[in-house]
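The following blocks contain the structures, represented as structure tokens.
Each of the next two complexes has subunit A plus one other chain: subunit B in the first, subunit C in the second.
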Partner chain A sequence: MADFMFFTFAGIAVFGGLMVAFHRNVVHSVFGLVAALFGVGGLYWTLGADFLGATQILLYVGGVTVLLLFAVMLTTSDASRVTLLRTLIMVPIVGFLALKVLEAYRGVSSIVNDTGHVVVDAPAGSGTTPEIGNLFVSPEGYLLPFEVAAVLLLVVLVGAVTVARQRDDVAAEEGRGPGGSKPTDDGAREEDAVHA
Partner chain B sequence: MTSLIAFFEGLGLEGVLALSAAYALCIASLLGFITVYAMFAIWMERKVAAHIQVRYGPMETGAWHGWAQSVADAVKLLFKEDLIPPEGNKFLFWIAPAVVFCGVFAGFIAIPFAEGMQIVDLHLGVFFIMAIASVEVIGVIMAGWASNSKYSLFGAVREAAQVVSYEIPAATALLVPILVVGSFRLGDFNAFQADHGWLVLYNPFLTVAALIYFISSLAGCKRAPFDLPEAESELVSGFHTEYSGMRFSFFFLEEYASMFVAAALTATLFFGGWNLFPWGGGWEPAPLAPVILISKIFFFIFVQMWLRWTLPRLRVDQVMAMGYKYLVPWAFVCLIGAAWFEYMGWGGLFS
Partner chain C sequence: MPDETVLAQASVAGSLESYLFVSALLFLLGVASILVRRSAFYILMGIELILNAANLNFVAFARFGGHGIDGQMFALFVIVLAAAEAAIALAIMVRIFHDFGSVDITRTDSLRD
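What follows is the complex of A and B.
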């Protein structure tokens, strides 16, 4: 049963990955990426990392790829065409270089096998979530990286709002609202800017 | 689930076969349940709308108050021609309704209707339902893009902006009861509320969180006043403009199924689950549990319909202002406030 689930999700992931790399239409590639990320989420689940798998689906399938889709759909389809030959040549080269860099750094196997951090096995019957939660807020675990990541994300959020607002001011000075929305009142423009 | 597998193994089936048979039975019964429920809910919606607008609604089909109207509609949809836009993308157009429906359908497997009466007892219950429901957005964008129609694409883009935005207050509001109970498992919420009374009355922050979650779930289900992705007065019918026949009905099934999931989460996390009285429970006999829970779920579905037919639709900017200016900050206030109450050991009106 575990084999069956593994090969199903691995198949979805590999199929999606191939679609990302080789499909001529970029929008299709993004949908392939959705399949690949979903497959990887399922693989986490088969490995017993249920929290990680669900987070993968929530954040990557439902969140990040939606933003990617927006970005891709707003580009013209002519500019988004990639030739098959170039992809065929580039994929092995980039993959080989990435492998070499990793080997030069530490050796691939050691990266996978010993991360040098706390690793906890999930006890049967409660899932991995309580352990992950405890590790995130305990000083022996990942409290500092967690806090740093939180601060980083906050800075990114504030920065995004600031950048969007500045562009909005320029647009307002030129006498037109931000693209795609009716300039109804100040509140509307501000919220569009936040969302952009 | 395990008992079902054991039952099929008792019939003489081997390991994987018994498992597949059990899953197939679960999926088939769930599909049947969702279909029948959706038909009933559509009929109910028409009746509620009619009575709010002081008319009768369907009265002819099936003699008694038009009860067979949805059945007749379903038969009509089954036989309707399935049109695919020639300029659109056939594969994505074909697969989009399935993706949309699967996201919500998968959420059903984690909902407990009584002690042990659920398909999979996930430790991650709430989180899993939230996560898998977010797949639906991808399907809607797929549908909107593959239709090759401006209205569809506008609808899909609005849907994506709205649903992704309202996931933040919805998830944050759901974190408040999770913080109090200390578990993602939906069964634990029922057990906790049997001892301590309904969580919505547990402390004031939970009351506000329940309200925030309910409003956000309306936006997540694309229900009025947040039905901008469909906005029939501006966008024909939004992202499913080009769909017809059976594929169109899948979007309808999805809408009503997601209303059910949202109402089930509201009922289980905030309003006591299968505990009948606000001050706790646990005395209810097991066969009564699904009846209590489903009555609560239908009450919240009724509230969703009630709001749909009494509130005007918000503008796009008002939807975004509502989400980011009011719901998100208040959800954070609730989370911090509930954590403070828990730290001080306050709360629990009935415990």
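What follows is the complex of A and C.
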């Protein structure tokens, strides 16, 4: 049963990755990414990381993918095709990297075989969630990174709005600026936020 | 403990190598996606694939390496960083599309002039 689940999820993940790398259509590639992320989430479950698997599905498959689809929608691109010249140049590089990665994989495998497997049993009953929660709020654990991540998310929220916003001076140059720029400044900003 | 070792080597899902292999494949597909395409979307998606490969390594080593749950914590922070990165990348792409008319990375060369 564990083998079956492993092969299913690994197959989904690799198939999705292939779609991302080689499919012609942008939207299909995004759905390939959904499949890949879902497969990785399933692999987390087979590894006994139940909370992480749920987070993967919620955050990645639910959040990041919607962001990507929004980006595709806002910027319909013509540059999605695989270009022949670029492919020909990059194939040796990717092949070389593949060799290196497989070498490293073999090296790690031999180390693992030397030291033997230590299989940690998943905590019985409630899963990993209580332990992760305790680690997040304990000062000996990950309290500081947790707070830093909170600040980072705030910065990203403000930064994304600032970067994507239509700037007022640029808008005025393009003649798209608001008629009376002084009083309707806030209105224009709201409009831009809607566009962004 | 020896019984567990034998059992782990008997089944594919119970061995670290199989997870590392899937992770290596995902990493290579992400690198291929970054290098082969010209659109910024594929670069972003390739980065997501690479981050997922790294996460899978974290979780697999945490499970089989006997280091407790720390690998899962690292994977959680990586997920947060990836979400933040995707949001910023989307904002930058919207700006680039507005200024250049496409998200083709070979066309965003105005710093050269």
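Following the convention adopted for this analysis, the second predicted complex is superposed on the first by the 118 of 196 C-alpha atoms of A that agree within 3 Å, B and C clash if a C-alpha of one lies under 4 Å from a C-alpha of the other, contacts with A are read in each partner's own complex, and residues count from 1 in each chain.
The criterion applied here is as follows: contacts are C-beta pairs under 8 Å (C-beta built on N, C-alpha and C of every residue); 3 or more make two chains touch, one makes a residue touch a chain.
Predicted model, so just to flag it, every value in this text is computed and none were measured.
Once the two complexes are laid over each other on the shared chain, residue contacts for A:G42 go to neither subunit B nor subunit C. In the superposed model, A:G127 lies in contact with subunit B only, and not with subunit C. With both structures placed on the common chain, the touch criterion links A:G62 to subunit B but leaves subunit C unconnected.
Judged by the touch definition given at the top, the superposed model places A:F70 against both subunit B and subunit C. In the superposed pair of complexes, A:A54 makes contact with subunit B only, with no contact to subunit C.
Note on subunit A: of its two partners subunit C and subunit B, the one contacting more of its residues is C. Of the two partner chains placed around the shared chain by superposition, subunit B is the only one that A:V34 touches, whereas subunit C remains out of contact. Comparing which residues of subunit A touch subunit B with which touch subunit C, the overlap comprises 51, 55, 63, 70. Touching subunit B in their complex are the following residues of subunit A: 1, 4, 27-28, 31, 34, 38, 50-51, 54-55, 57-58, 61-63, 65-66, 69-70, 73, 126-127, 129, 181, 184-185, 187-188, 191-192, 194-195. Across the complex, subunit C meets subunit A through its residues 4-5, 7-9, 11-22, 24-33, 35-39, 41-42, 44-46, 48-49, 52, 55-56, 59-60, 62-66, 68-69, 72-73, 75-77, 79-84, 86-98, 102-107. Residues of subunit A that touch subunit C in their complex: 2-3, 5-7, 10, 13-14, 17-18, 20-22, 26, 29-30, 33, 36-37, 40, 43-44, 46-49, 51-52, 55-56, 59-60, 63-64, 67-68, 70-72, 74-75, 77-80, 82-83, 86-87, 90, 93-94, 97-98, 101-102, 105, 108-109, 112, 116-120, 128, 131-132, 135-136, 141-142, 145, 149, 152-153, 156-157, 159-161, 163-164, 166, 196. On subunit B, the positions that touch subunit A within their shared complex are 15-16, 19, 92, 122-124, 127-128, 130-135, 137-138, 141-142, 145, 153, 157, 160-161, 164-165, 167, 184, 315-317, 320-321, 324-325.
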